[in-house]
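Note that the chains take the letters A, B, C and D in the order they are written out, and that residue 1 is the start of every chain.
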Amino acid sequence: MANAMSDQADKELISRGLKRCSTPRFVLWMLPWVALLIFGLYAAGLCLVKGLNQTNMDNRFAFGLWIFLDLTVIALGAGAFFTGFLVYILKLRELRAVINSAVVIGLVCYSGAVAVLMVDVGQPLRAWFTFWYPNVHSMLTEVTFCITCYLTVLAIEYLPIVLKNRKLREVPAFLVFEFQLHKLTYVLAGVGTFLSFFHQGSLGGLYGVLRGRPFAFREGFFVWPSIFFLFIISAAAVGPSFILLTTCLVQKISRKRLVRVEVLRLLGRISGLMLAVYVLAKTVDTLIWINRTSPERGFPASQYYSWNPFGTWILFAEIVLFGLVPALVLLTPRLRARTGWLVAAAAMACGGVALNRFVMTVQTLALPTLSFDRFLSYAPSWQETGTFLAVVAYGVLVYSFSFRYFRLFPDERELQAAVPPTDTREADPILAGRY
Amino acid sequence: MLPWNYGFAWNTGHILFLGAFYTVLVIIATTVVSALWRSRRSLRAHQTEEIRWHSDFHDLPAADRVCRHVLTGEFKKRECPHAFDCRECETHAKLIERHPLTVIAGPDEDVFGMDFPLDRYYHRGHTWARLEDDGTVTVGLDDLGRRLLGAPDSLELPMPGDHLTANGTAFNIRKRGAKVRVLSPIDGEVLAVDGPAGQWRLRVKPDSTDERAFRHLLRGPEVKPWLMREMERLQLALTAEGAVPTLADGGEPVSDISASYPGTDWDAVCGKMFLEG
Amino acid sequence: MTTTRRNLFKLTGGAAVGAMLTPAPWRLITDSALWSENWPGIPRPRRGEVTFQFGNCSLCPAGCAVRARCVANQPVSLAGVAAHPLSHGALCAFGIAGHHLPYHPGRLKSGPAAEANQAVRAALGQLRGAERCAVLDLRPGRTASWTYRRAMAAIRNGVYLAPAAPIAINLAAAKTVFSLGAPLFDGWGTPGNVIAARDHFRLIQAEPVESRTAIMADLWLPIRPGSEEALALGIANLLLKEKKIAGLPAGFADRLREFPPTMAAMHSGIGEQQIAALARELQDNGPVLVLGENGSPYAAALNLILGAPGRTLVLRREAPVPDDWKKAAPVADLASVPDGSIRVLLIDESATGEALPWSAIQSKLAEKAVVVTFAWSKEGYGRQAAFTLPTAVYPESLDDIPPAVDSPAAAFRLSAAWVAPPDGVVNPADFVAGLAGLAAKDALQERAAAIRKSGRGSLFVPSSATSTPARDVKPDDFWKMLQAGATWIDDLDANAPAPKLDVPALPAGTASSAFPLVVVVTEPDTPALVSPLLSKVYQESNLRLAPESVALHPSDARACGLETGSRARLETDCGSVAVNVTVDSDVPPGVVQVAGGPGIRKICGASSRARVVRS
Amino acid sequence: MTNPNKPVKAARYGMAIDIDRCTGCGACMVACAVENNVPPAHAGANDRKGITWIRVYKVDNGGDGDGRRSAFVPVLCQQCGNETPCVHVCPQQAVDVDPATGIVGQMPERCLGCRYCMAACPYHARYFNWWDPAWPAGMEKTFNPDVAPRMRGVVEKCNFCHGRWHAARQQATAEGKPDTEPVAYLPACAEACPTQAISFGDLNDEAGVTAAAARGRDSFRLLEKLDTDPKIHYISKREWVRRIADAPRPGDGKESRRG
């Protein structure tokens, strides 16, 4: 009885006309993720209480899994700013269909990354020093400032999505505030673009400025090394791809059509375009680096790739296999039209950028700089992995919640008219769990 | 960070960097604050109803936002830029100037067996308004609206003395999980609520009885095309909710449509028909 | 105006905004940074008056001079004394952190002194027949050693056991030093002295591994493991072609015949011409000093052949002792004591020196023997002894340090005693003297007086870095200065006879296949306790092999089923000890490279062989 | 530290380390730890998680068997003088270069522990406190009062025994010397080296032995091509030793226990 009532109360929260699974099924879906979150929080707790000796990082591998994945996640989260930019600044109205979802993904990615960073530093209590005694010449300062600001922006952008919830909307104050805030979103989108532009770049700059690490060091102009711009382009390239992926994933899991397939293709096209630009720029940069930058600093570039397992294959994989190939696929209308190809290419693009972040982080640190030190290896400890899994679980939870109670995909209702809803009663609860 | 902090220097680096940072902070803050301030102002100005309607209208699918002159075929396609408030619409003004809508008094139009007398104005949210001789206005739910809701499970009517705004909520109705607000056709103050159950009416003292005050409402020749479109939308809504269409064959809608579609999400159907998105 | 709540809010709000415009709140935030410095559980350094004190390091027989920087009389850092005639300002890694030893977790602070005393006295009461009461002194030549000898003379069947003192070496006189794996630059003699003399001699190091000494050598001969004998004999062959030498041990000639240069070259892997050249160099470029591992007969033989005695090997007079000490027990060698005859054994390992394998000691013990050891930690003979009595550690104990092997002249200096020892510690000399009813409390001072009386030598005072003839120092100042870290150094007497160099008996050759690996010692003999900070060289870098650990060539490690970090037992014919294993391609095959540490040193004698067994 | 208003005769403290004299005894490493209150290793520490502001590496010529020759190279913070890599990356100015001494200073009390500077340093001369520092009971009595112990989670490194520099400066002032003149002092490692392989002094002082040694024919600096202008000069008569200054050559990656 009470159950039925709570079920009814729960239904009241779901926007009109959207099909969502029953409350128990939703809870069933959330449970494993909550468990994972708790485990991850325990791991992170260990690192915070006992110190970073819980990780497998060391003086030579000062950065590890966390930094690598943070960079990746933030690059993937770039969809939020880039889509926002396209919708509100370039007025690409078709993308309205995914903007809300993009904002949620962005929020999840950035907040998750920041949370992990807090565990990664040795003295989290002193995090505010960066704001108090900023070294304006440090790329990390730029990153910190921009990311915190942008996280605020994302939170504010997320607010209207929440306030539009059917129940909350009945409160006049919320209704009005949402309405007024929504009118100003373009300002936030603008600011977000500005901020993202800089921190995505400075994340690359982090490595580009390492004069002591010729593998990562790049020339550039003014204060920004070339990687700065490569990171911006690659992030912009992979952002839409990631939205495309997540949308398709949600469609699969929830067994619904959420956006028109044209929107997905558009995302793919934009992604492909940026990716092509990126691959070109990256190639030029690599050539300059191999032939000038690195040799000038006494390091023949050939030697970087003579330490197993980091052979030249990694360069090939990064630029051609996971760069050029998906770019071409996404730019070929005939292939783009095939969802399989579309999704595969998007996935490869994401993989490529992840690989790039991996190389910049791990290979940079693994390579010896002194003639008498050794090529080192590193494998994350379970605490490190666990901490990151917490972020994944957190992401899934926040997204699932938002998907159930907020309108992430405005077109969903119209689209559901087209497909007769499938009966999922006997289907596997998780798969069928349409949130 | 601040001039008296360690390591601060008045050099390009600091000025550029911190300048940019503070600018961003200011912009973000201003945005939020101004949003807050504006909402405070609109709350003060009792614009809640208006805003709710605008935000609903904004969320309606494009097909449901068409201009009334598309219904009558004067336009191929046009989206209403004024959220169905033709009172400030120049286009509408021009058009009715060119050929005014004349109401031919005669036998009441019969549409799909529903009665839509032409002695009154119709609101696109399925209410009607009739100007009485004593200068008051009677407001009621139109026939299709009544059939959609049948005998409501619950009903929230305004109190005498309440003020209604055009396109604002007139009353709320619950019916089989459907929870809809019915839009008021005109601005005015409620004088009385009377009439038998299901047949009730609101007697409203309009803010103005001037023709302009009714300009946004449908009348005479507009009613039929509009209703035909409404029936299409209803059909669409029903199919979307997985019901088998029965109206296509011109079969008359029964007095309580919901009863004949037990499987459907009535909330969704009514939401669509009463323009609540 | 009336104070409504609204006004109140306005007021506070305004105040807050106003405050923000003043530096005050920002300053507060800035200062809060300082609070985060006080991370919980981090001890704060003590403050106090900074003074400098001088003394001598008693961690090893070198006895280097030390200058301690003290805060409130607590030494906080140690350094050498630059102008010192013996140690020349050098201090090794162990000495530099010596002032941590009193706080070492493994250090003994109390022990069953009363019980031990009772047991010993009881045992002494019932000595049967020829049963002996023996003192084993690991660092002979100290004043404490004299006390032991006097006590043993006073006690029935008392014996004083100590390793034979090696002949003094005059490194300054050598023009060529030929070392058969002696760790000349890693814990041999007095480091400072070796370094000071380095520029005046040519160093030829014959050693299977590239030890620190090999790295510093002018010529490194990477000989095959265990082929020192072959190389030495090969050279001896060439040297002895023309002349005959008296004093070579029995069977030397026969062994010589087995190793003509060709054989030597074959065994050692050193080319025949190179051996010939080496022999020529040793002959022409004298005076020569040949160094081997302690008690190596081949090094001794070569020294004899090359006429080192009297030139690089010199006879050192002992520092004078009071005449009434003369009736003392003779210095006996453990081997000379019949098996099963020692009823009471008192071991003084408080001053580290050459360690004897327990197996050798055990065979000499009678049944129901009472063994008391005086030690810093349980790691030494404490494992086997019935009683382990804690002694003061450096820099707590006031003791004298006999001259090191490379000091041609006698010397008398006192170990630093800057820190008060804990109550539980026992002074071994007093304990033993007590058994004999001897008053030895002021032995050091008495001896100092005797030295001063002799009028020999000169006194080096570190605070002023000056040497003055001992006879010019007032007798009571003499003692005070010694306590303040001064060093008395005897004059070299010009007409001292050449020392009598007796070459030890040749070991029975033919290595048993039971011990396939040749032991190579590449780390200095570490004291029983070392500062925890030595982790910098053992653990936080791989500069040195940690105590009680061994290094093997990958192939040997594989053969024993061992990899880096695995625990194993190192076994020699003298016993076995648990060790950590490191695999290192720098170690030649067939070699087990062993580190210092009391355990290992007891079982790894000169050119011994071993096997490593997984445990 | 120094009053910026006064015209300061800037010093450039540096070292000339004679590799041919280094016996690899490790005295410098221990002396450094003693001087700077560096804690003993945690049980779990190894050569990659430990703290040794100065670390002696064993290097070799890559030969095998008889051809093999080795040497010891003490590596400490190279006190880079040009675009010091670690200074530019620190997000909160916990690292700085003192214009008066050229010493690269690390402020543990401001360090966030982001370890970006460690990634930036090509000489691996920076160390992170992975554990809470711990000393055996009573050992804190032997702390050097001039140096504050660091807490867990911060980076630390060689600062040419800044405590000693400070003491020397104070003494100079007490003796009435102008505080614009560089002072002479000796870091713990240089003082402790039994073979005097480490020569320390002001490189700006042309006449000084250190500067002279640094100018010498056989002197070289590690990774000079990186253009970070390190102030640690190494000296060796052996050609193969001088080659360790270059970038690593693949194939030399021998798995040696040393270093």
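Observations
In this section, a residue touches a chain if its C-beta (ideal position, glycine included) is under 8 Å from a C-beta of that chain, and two chains touch if they have at least 3 such contacts.
This one's a predicted model, so the numbers in the text were calculated from it and none came from an experiment.
Counting only chains that touch, the fewest steps needed to get from chain C to chain D is 1. In this view the innermost chain, defined by its CA centroid being closest to the centroid of all protein CA atoms, is D. Comparing the chain pairs B-C and A-D, the larger number of C-beta pairs in contact belongs to A-D.
Separating the centre of chain B from that of chain C, both taken as means of CA atoms, is a distance of 99 Å.
Annotation: 77 Å between the Cα-based centres of chain B and chain D. If you average the CA atoms of chain A and of chain C, the two centres end up 62 Å from each other. Once the centre of each chain is set as its mean CA position, chain A and chain D turn out to be 41 Å apart. Among the residues of chain C, those touching two or more other chains are numbered 30, 33, 36. In chain A, the positions touching at least two other chains are 123, 126, 129, 132-135, 137, 141.
In chain B, 5-7 are the positions where the chain touches two or more neighbouring chains simultaneously. Every residue of chain A that touches chain B in the complex is listed here, in rising order: 16-17, 131-137, 141-142, 145, 149, 152-153, 156, 172-173, 175-181, 183-184, 187-188, 191, 194-195, 410, 413-414, 416-417, 420-421.
Residues of chain D that touch chain A in their complex: 42, 44, 48-50, 57, 59, 73, 75, 83, 85, 88-94, 110-116, 118-124, 126-132, 151-155, 222-228, 243-253, 255, 259. Of all residues in chain C, those touching chain B in their complex are 23, 26-27, 30. For chain B in complex with chain A, the residues that touch the partner chain are 1, 5-7, 13-14, 16-18, 21, 24-25, 27-28, 31-32, 34-36, 38-39, 42-43, 47-48, 51-52, 54-55, 59, 61, 236, 239-240, 242, 265, 267-268, 271-272, 276-277.
In the complex of the two chains, the chain B residues touching chain C come out as 2, 4-6.
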